[in-house]
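Input: one structure, supplied below.
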Amino acid sequence: MIIQLSKNISSTAKSNLLNTLNDLQIKSNEVKTQFQDYIIGIPKTDFDIRNIGNMEGITDIHRVSDAYKLVSKKWKTNRTIIDLGDNVTIGGKDLAIMAGPCSIENEEQIENTVQHLLKNNIKIMRGGVYKPRSSPYAFRGLGMDGLKLFYKHCSENGIKVITEVMQVSQVEEMVDYVDIFQVGARNSQNFNLLDILGKVDNPVLIKRGMSGTIEELLASAEYVFSNGNEKILLCERGIRTYENAYRNTLDLNAIPILKAKSHLPVIVDPSHGIGLREHVATMALAGVVAGADGVIVEVHEQPEKAFSDGQQTLYYEQAEDLYRKARSLNSALK
Amino acid sequence: MIIQLSKNISSTAKSNLLNTLNDLQIKSNEVKTQFQDYIIGIPKTDFDIRNIGNMEGITDIHRVSDAYKLVSKKWKTNRTIIDLGDNVTIGGKDLAIMAGPCSIENEEQIENTVQHLLKNNIKIMRGGVYKPRSSPYAFRGLGMDGLKLFYKHCSENGIKVITEVMQVSQVEEMVDYVDIFQVGARNSQNFNLLDILGKVDNPVLIKRGMSGTIEELLASAEYVFSNGNEKILLCERGIRTYENAYRNTLDLNAIPILKAKSHLPVIVDPSHGIGLREHVATMALAGVVAGADGVIVEVHEQPEKAFSDGQQTLYYEQAEDLYRKARSLNSALK
Amino acid sequence: MIIQLSKNISSTAKSNLLNTLNDLQIKSNEVKTQFQDYIIGIPKTDFDIRNIGNMEGITDIHRVSDAYKLVSKKWKTNRTIIDLGDNVTIGGKDLAIMAGPCSIENEEQIENTVQHLLKNNIKIMRGGVYKPRSSPYAFRGLGMDGLKLFYKHCSENGIKVITEVMQVSQVEEMVDYVDIFQVGARNSQNFNLLDILGKVDNPVLIKRGMSGTIEELLASAEYVFSNGNEKILLCERGIRTYENAYRNTLDLNAIPILKAKSHLPVIVDPSHGIGLREHVATMALAGVVAGADGVIVEVHEQPEKAFSDGQQTLYYEQAEDLYRKARSLNSALK
Amino acid sequence: MIIQLSKNISSTAKSNLLNTLNDLQIKSNEVKTQFQDYIIGIPKTDFDIRNIGNMEGITDIHRVSDAYKLVSKKWKTNRTIIDLGDNVTIGGKDLAIMAGPCSIENEEQIENTVQHLLKNNIKIMRGGVYKPRSSPYAFRGLGMDGLKLFYKHCSENGIKVITEVMQVSQVEEMVDYVDIFQVGARNSQNFNLLDILGKVDNPVLIKRGMSGTIEELLASAEYVFSNGNEKILLCERGIRTYENAYRNTLDLNAIPILKAKSHLPVIVDPSHGIGLREHVATMALAGVVAGADGVIVEVHEQPEKAFSDGQQTLYYEQAEDLYRKARSLNSALK
């Protein structure tokens, strides 16, 4: 049950409400986000909602049968639009395109990519500075030095930065240089990281786990929301199956399902999905038709020289063809 | 290695060829289809292709490194177009739409569906008369009586029939009442059935196995081709994964991959894929964008009364909206 | 609901029963096996069992909530013991060991294997004469000629034969040369084949499908039983997962679960499971501890020269060590 | 390539070595553990090992073709034995048993469990104080207060404590109250956590990820080892598959494979594996036969009242029966 509180609820009214919930054997979780205050009530047994419905200080009240509550479409039927400032939004009529290299490599590469994005009117640049790598001996990213350079060139050009955060302690140092925090597939259920990302104001893109269920992705989003941050993006990036004709099984089924279950925007990542350059654009377009609000895609001036993920990274020319087609498909659909 | 033989190869030339192959320790498999004669050579060791290349009676010769040979795009770069007669083709510029109920139920239902198809200019009707069911106590289809009725109404109206064949012994009795034989997911590696379907002239649509790999689907197609039938359709219908938010994980990645590996047309089955009525059309359209040459979809006048698969079957109105959008997307793409 | 009929039920009593079931909207399926007569009632709605319980000609009546009925432990709590004659049984106190090559190759190999089995007091020999192969160009077995030789040498030495049947039309020609029919993983849901195997008296070993669920395996067994054959063995042989450090994920969890759900004996196939010679014996022993009633294992005098599956086939010496340990573990447990 | 350095290598000799490696285009990673110093060399191209082999200060040198190096059996063929002090070891002749509740709930429960362990001569108690839960509204453990109580009662009774650590910042506060750090399945690729656990002296048990490969588990262990901690336990706890007849597919195949690939001890967790109380003991025993060096199992005085995981938790009596059988099987095998 979600109880939306009025902005000016008195402390007496709030105490009364919490006491009543307690009497009804409903466990309450207070949630205060950048936009609103809520109480999430988890009832132990059945109860009569009329006992609460008319209490002072309540704006609205919704029963939500899903395991996740605040991210459910059952109480919030309007789709969430994430506002990044400077007229950059995600979740509205326009398709959000996020493009850039797998890893930030050096200043020249950043500048080069920024020019590519500007030319194509792309407003969000992706690029990793902390890289989760299976082997401890592999390149693990440029870290904060890379991020500062990355942010500098982007912000000077009106481009927003999305980059992966891997652990709690990085959040504070990164927060001023990041427009969207990305939580990677391996951290999709890193609950401490999700908790802390609920305490910042930056939007958070959560990737579905390597073999994460749709329910689990929504539960992870609930962690962020219930800690205070309503700005959440869900990302389908492929799941692990027995098939090895491609990198991961990009699960486009997840897109209409997520949009039916949640009010949050959904992003598709075809690069980590199918993972083969020649098919990335095809799957991106299929993702747009499946209902994605945005596409996140790896591009590089010279993919074959990229520090990581070269085989799934688009050449600029391929990417430009994709941007054009994706936007045109999106317009035709909306 | 695929050796294409000239139509009028002399028996002496052929013997010479087979002897030479034998001398080179190449196992030969003679293949005679409705269109052409081939020898598939499986070499035990490396050999010098010049020893064969100039022999009499050979039209062309191709090394194919894939495990499958005749269905590979490595030797036949033109895409295969299946001609069903009466100007109905699959694999060309137009999107092939196959629609109809899960099960054929009675004559009224057939007539009703035929009218729906005629109205929408759909040329191929699907409908099961032999149904694979997990439980022996479930409805297993109307059998030959149903098929005859089904075929009668379709052929009178210029509509082609696609229906599932479950076993070798059914092929002979069904062959005159079927335009396309469908091999279901559970029979995708029923090699005896594939062998026999290689001996008829009807096109064969092979569904990917429940957890079939793309390689296995192509190997199954190779069974049909190498037994003499070049008219093959590959069908993606969803695979089994850990996710249970929907019926099967419709694997749209398989579509661009299959089209890159094989010259055969690829059909998408969103009904058995995502398996939820409200999302079937979305996934069908995504499949078209992924490159499908056709869509096979379940429709019923009253899905809630269907004998089987009701929850994934479209209402006529939904289906009509899908046909329109699918055709328009297909035109835009081609 | 399973209604066990008395042997001498009068035709009037039976009609009365069927009519009553019909009146109660219970769909009846008559089942006549080599041992007993049953009616399986599938009710559409709830009903009062007292309306049936006291009718004439009924021995016993059980409600079974599982989707499968006759193979369920809910009505038959005693474990089924399969009697192969000559004091060879499966499902009792002794561990059943079935050993032999993947493929029957020639007479010498058969004789050699028979000597190995006799020396080790093994009473059942496995060996394929019809081989399901992904590629149409691979060796597909010696067929009936091989089977006749196989059976001759075994029967002369008191050894029972288990071999795979791939299609309906093979059953009749094979039936006199086979002691146990094996249904392979790819045919685990070949319902026509299961139907026909329900009409013979030979025991049938059904392998779990490549990605078959435990429920599906039991439903497949129900096909055989409900067609008239109570002599069924269930076989765990590994499932398909994302892991490729071994051939298949031998799912030992399935053994205690199958034994809790069904009264049928369970066999473990570690050769096709883990698929690596050095680990086959370990997994076989773990399978015995998990509760398997028998082990089916590939052995060959010279595995490296075997026509198929060499890398998962044991040397005689390894196999002998396994037989000894498996029997001793089994005795210790029972 | 693993280069073991002699304890008293001179700084000149080390510089020479590093320079030589650099000249050979071999990337070096210096590793200093509680036991030894190493250099891990990752060569870019082929090189002649004789250029390094005779240099000063080197004890031994091994080429390791696996992606993981220090945890590989290719260079260290003796099995690792973890010494917890007070004569408690893991990885030797005796089976290590770790038992206790899913969650630490209160002091009484700790005392009660300790008595149960003492009675059964169990030297290691498991119990969660930080619980990863899919829902933010679920019980998340007693935290440090619980851990201190847990450790107090255990250490007073000569019992070692194993408990899950969820994030980097917890390591420091937990380190004095923990004998073995456990990394849960969801954190199996939390590389920052693994890094920091490489810097403590406590043994670390790493669970295989939810859909983790065996290679990934070993790579995660490599993180810990290469950061300086050689005391690592690998734990198989079930993987995610399509089957839902039980909680997870406990993959016993992983045990012989892990023991063949690595020198580290392997623990089996049947509670999270099959996840059904009535089958936990069976799978534990099968795991012992598969080669596990230890078993970690959930027990509770009253499982039905446990705060979490009750349905997979053993009653004391069941657990005692398991301890006895597991030890007797282990003795029989070794």
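In this document, chain identifiers A, B, C and D correspond to the written order of the chains, with residue numbering beginning at 1 in each.
Here is the rule we go by: a residue touches a chain if its C-beta (ideal position, glycine included) is under 8 Å from a C-beta of that chain, and two chains touch if they have at least 3 such contacts.
Because the structure is predicted, anything quoted here is derived from the model rather than measured.
Peer 1: Any idea whether A-C or C-D has more C-beta pairs in contact?
Peer 2: Of A-C and C-D, more C-beta pairs in contact link C-D.
Peer 1: Please identify which chain has its centre, taken as the mean of its CA atoms, farthest from the centre of subunit D.
Peer 2: Looking at centroid distances, B is the chain farthest away.
Peer 1: Approximately how many whole Å separate the CA-defined centres of subunit C and subunit D?
Peer 2: Centre separation, subunit C to subunit D: 39 Å.
Peer 1: I'd like to verify one number: the distance from the centre of subunit A to the centre of subunit D, where each centre is the average of its C-alpha atoms, in whole angstrom.
Peer 2: Spacing between the chain centres: roughly 33 Å.
Peer 1: So what's the Cα centroid distance for subunit A and subunit C, whole Å?
Peer 2: Centre-to-centre distance between subunit A and subunit C: 49 Å.
Peer 1: Counting only residues that touch at least 2 other chains, which ones in subunit B make the list?
Peer 2: In subunit B, residues 211, 215, 240-242, 244 touch at least two other chains, as defined above.
Peer 1: Show which residues of subunit C lie in contact with subunit D when the two form their complex.
Peer 2: 211, 213-215, 239, 241-246, 249-257, 260, 273-274, 276, 278-279, 282-283, 285-291, 329, 332
Peer 1: Can you list the residues on subunit C that touch subunit A in the complex?
Peer 2: Touch residues, subunit C against subunit A: 211, 240-242, 244.
Peer 1: If we count contacts the way the header does, which residues on subunit D are in touch with subunit A in the complex?
Peer 2: Counting only subunit D, the residues touching subunit A are 27, 29, 40, 42, 67-69, 132-137, 166-169, 186-187, 189-193, 195, 209-211, 215-216, 219, 222-223, 226-227, 240.
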